[in-house]
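Take a look at these structures.
Both complexes below contain subunit A, partnered by subunit B and then by subunit C.
Showing the complex of A and B:
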């Protein structure tokens, strides 16, 4: 494996996820988060070389909606800026690639989205092709239910298998003050909730809400000065699949499997279960079974610890969800996870996804020690 | 989607897609205060904690100084034309007699300008430095939106010298 540049997460901040913030615009939610993330690593605006934001204009309900976020990011005097119409975890990946190319030493990665202003199910229907699938009214809940049926049939999963995965997330998530849903629940309670789109019950759907979040990345040499316990990126890879839902086996995530294989190899690991904790962006318990299979993990096993944050079932602020997985890994490995800390955690895997039924997947491997000497 | 009762007789060359996305925007406390004040013929700005500069409409955070703007302040409903143009083509959504003048007006007490129409004078009379005042909609007709100010008109005061407004474009 080629020698790469050591890059670390040195700071993370987010607002607690809410269903709707009635007092603040997206930019007004983002400003204090950027300030908090910079303050936490002792950085001023001028210490940042590069900035990138993840958001979607469809959610903002205006063209070039992302430009408003520049106001909150310390964009004056101007500096190199990018925007992805993707979850900001993909922005973190791009910033890391830029650092590997020597283009920058420090980067600000933000996510924002006033999810409550629009209708996510209606908006995400437009991610599908406009000829055959979008006109049918297929939304992410319906497509996730198609996917759930397929994986349940192939792996012989019962409703109970989904309820147990959901309950594990809910019990962990009760300890995370940033979550929208913070009530622990038993599999029996969750399996008693009504079907929204069979086989998915209300309690098997992600807790959609809004927030703003900010991650600071820094390369070796600067990272140690900005953070007492930087969390180093050991490997990263992302792979996309075909858009058409009929063109792939929805019960598997081949792109997650391949991305994980390459990210783990970069990290010098053989298997994902060599990590102490794993943070997944799977939106439903059925999707969690699929992603776990792709990572070679058992969703019922307690090692590694899966979703100590509670995962998207407890808070799914669209565009932020993947970045928060990286934020959770930073908090866990740098000793800032409070009551939900995984004792002795030194290595973690973070997963992010975009599109219907896990269309695109990104896998990071991170550790508390530098990867390359 | 149109309902097709008969199979199409012509070859299909296009797909007609109707996208309907409703939004319910949060104004935010600063913008809400600004819009409420317009109803009372008052214009609010916000003062940057670090530089003291006043933004109109108010922002919670100065993108320039990268610092909060904690204080809401009232500015005048009169000011200075900092730059302008004469529009000879119709604008979508507004029925304005052509030609009309679109201008930036730096309100007294504000450090950045707002967009405004200049009327009650000939377009060729408008100039940088011209002093203007707001013409409000009558009482009972203001709704707390940007059209509560119908337009700005000349006050007849002597022109403001460039050094008083060139940094407030």
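Showing the complex of A and C:
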């Protein structure tokens, strides 16, 4: 494997996630976040030599929704630029690849998605293939319920097993001021909520909302000057699978397993449980069981600490969710996690996903030191 | 870049208004299979896939890369989806090249497509924005004022737009993949209805179904391939904000800057004489004259004169769009990558009947948004 260049997260900012921001457009939400992220690492806009945004036109309800982000990112004079129709964690991955190629030293990675402009469940139905699956009317809740049934059958999980995972997220998430849902809850309370699509109850579904977020990456040499405690990327990889729900075993995530294997190898780690904390983009407790299995983790264990942020069950701002996992790892490992800080945390895994039923998965391995060896 | 990267395979579909013989995955497979065949490779040789296309509203599938994983051969591989408006095909190829340059990947497949017959591109490109009067009727409505401004500024005679179309169609007649291949005369173009003054129906790109795929490889692997590769000497994508007082929409700074960076890295000081042919993104006739100036081939106000003199014809000093270009073939999301792929074919010496004799260095270019996004690369037959 090629020698990796050391790259770190040096800043992160987001707005608190809300169900609907009545007063601001997506760009009015993004602009202050970019300013805050730059200010926090003492960078002027001209200090950043690459920018990349993650968003999707369908959520924006218009073609070219991301074009306006050029203005919010301060694209004058012209900037080296890109945009992915993906969760911005994938944009962070590509910015890291560009740094590996020696094409930039600093990068601004932004996410925006004003999901209250539309109906996410109907929009996400349109992600399915237009010939066979979309016409069935499957939405992400229905497909996630099929997946939940399959993993529950294979691993012999009960409703209680889902409720406990959900309750752990909810209790952790109550301490995160950026979350949409901030009430702690017991497994009993959550297991008493009604089914939306059996076996998924209301409390087992992600808290869809909107925000804007911004991450700043910098390569070694610049990172130390921009941040007192940079959080270094030790490895990263992502893998996609076929979409067709009948073509893959929905109860497993082979793509997460393969992505983690490569990312951990880059980091010089054998297993994900060598991390102190793990931030997952799994949208339901059933998905959390699946991703944990693929990472070799036990969702009932307290080491590593799973989702100290509260995870997507407490805030799922589509297109931002994965980037916020990286942001949360940055806050934890750089001593900015406040009340929810994981004591002594030095190594972390962050996960992002795209598509129905964990179709595409991205795994980052990060640490408070440049390298461990 | 950390290491040299080359194009080792090019495959494109036959383009048409309505490719009703294939669905979206079928269209993609046509391009991907041809690119792999061209490179003498198999899906198992590909480490990652990067897909580009323009707005998802054109086909009515949200984030269609997800359902296209199978057609792309991306199952259990890394796959990314780029969208930078009209420039997306070019940005996608550059994104894929960066993957190889990083040393993390050896061979990457870059794919771009648009199947415009699935929807109505004209209206999908007419966003109705909050607090903005709905004045934009398709991309032509948006860009017509830019063309008028160019004509006013450069005092170009009004036959330049139609003449550009005559040259493009002449070139497309030699390109078996092009959509519009019939030759036309200036008079015929002028007789077509005026859609958005000064852009006539005959001066507008068609709405096409089509796809293209490129196989990019590291230096070591490219040298082992069955054919002569096209070496990527430079590739950048730059963008600029829309609402900047004094922004020059006719000759945007992002485009000029992107070209300057490409020339600098490729060691080109005199593009007019050192570049043998260029595939540039001309969706409406007047943009050819505008980009000749923006790209530094001609001084300000001189672009139309090069066209008038015949310098940009197939047998001229700098043949522009020997493939016929966007004026003859426009599957929007793919158009940028077709420019870059055609530039590669020219320096590989494999452009068939539209091969520019002795082409050694070529430019591929695309733009998008409100003339805000620019992506281009320079390819050479020599490493």
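FYI, the second predicted complex is superposed on the first by the 369 of 373 C-alpha atoms of A that agree within 3 Å, B and C clash if a C-alpha of one lies under 4 Å from a C-alpha of the other, contacts with A are read in each partner's own complex, and residues count from 1 in each chain.
The working rule: contacts are C-beta pairs under 8 Å (C-beta built on N, C-alpha and C of every residue); 3 or more make two chains touch, one makes a residue touch a chain.
Values in this document were obtained by computation on a predicted structure and should not be read as measured data.
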item	value
Which superposed partner A:130 touches (first subunit B, second subunit C, both, neither)	both
First, second, both or neither for A:237, with subunit B first and subunit C second	second
Subunit B versus subunit C as contact partner of A:20, first or second or both or neither	first
Subunit B versus subunit C as contact partner of A:45, first or second or both or neither	first
Partner chain in contact with A:100 - subunit B first, subunit C second, else both or neither	second
Which superposed partner A:70 touches (first subunit B, second subunit C, both, neither)	both
Partner chain in contact with A:344 - subunit B first, subunit C second, else both or neither	neither
Subunit B versus subunit C as contact partner of A:31, first or second or both or neither	first
If touched residues of subunit A are counted for subunit B and for subunit C, the larger one	C
Subunit B versus subunit C as contact partner of A:119, first or second or both or neither	first
Residues of subunit A that lie at the interface with subunit B and also at the interface with subunit C	25, 58, 70-71, 74-76, 123, 126, 130-131, 134
Touching residues on subunit A, where the partner in the complex is subunit C	2-3, 25, 56-58, 62-64, 66-68, 70-71, 74-86, 90, 94, 97-98, 100-103, 123-124, 126-131, 133-134, 237-244, 247, 254-255, 258, 354-356, 359-360
Footprint of subunit B on subunit A - complex, ascending	20-25, 27-28, 31, 45, 58, 61, 70-72, 74-76, 114, 116-119, 122-123, 126, 130-131, 134-135
Footprint of subunit A on subunit C - complex, ascending	1-2, 23-24, 54-67, 69-70, 74-85, 91, 95, 98-99, 101-104, 124-125, 127-130, 236-244, 247, 252-254, 257-258, 369-370, 372-374
Touching residues (chain side subunit B, partner subunit A) in the complex	1, 15, 17, 19-31, 59-61, 63-64, 66, 68
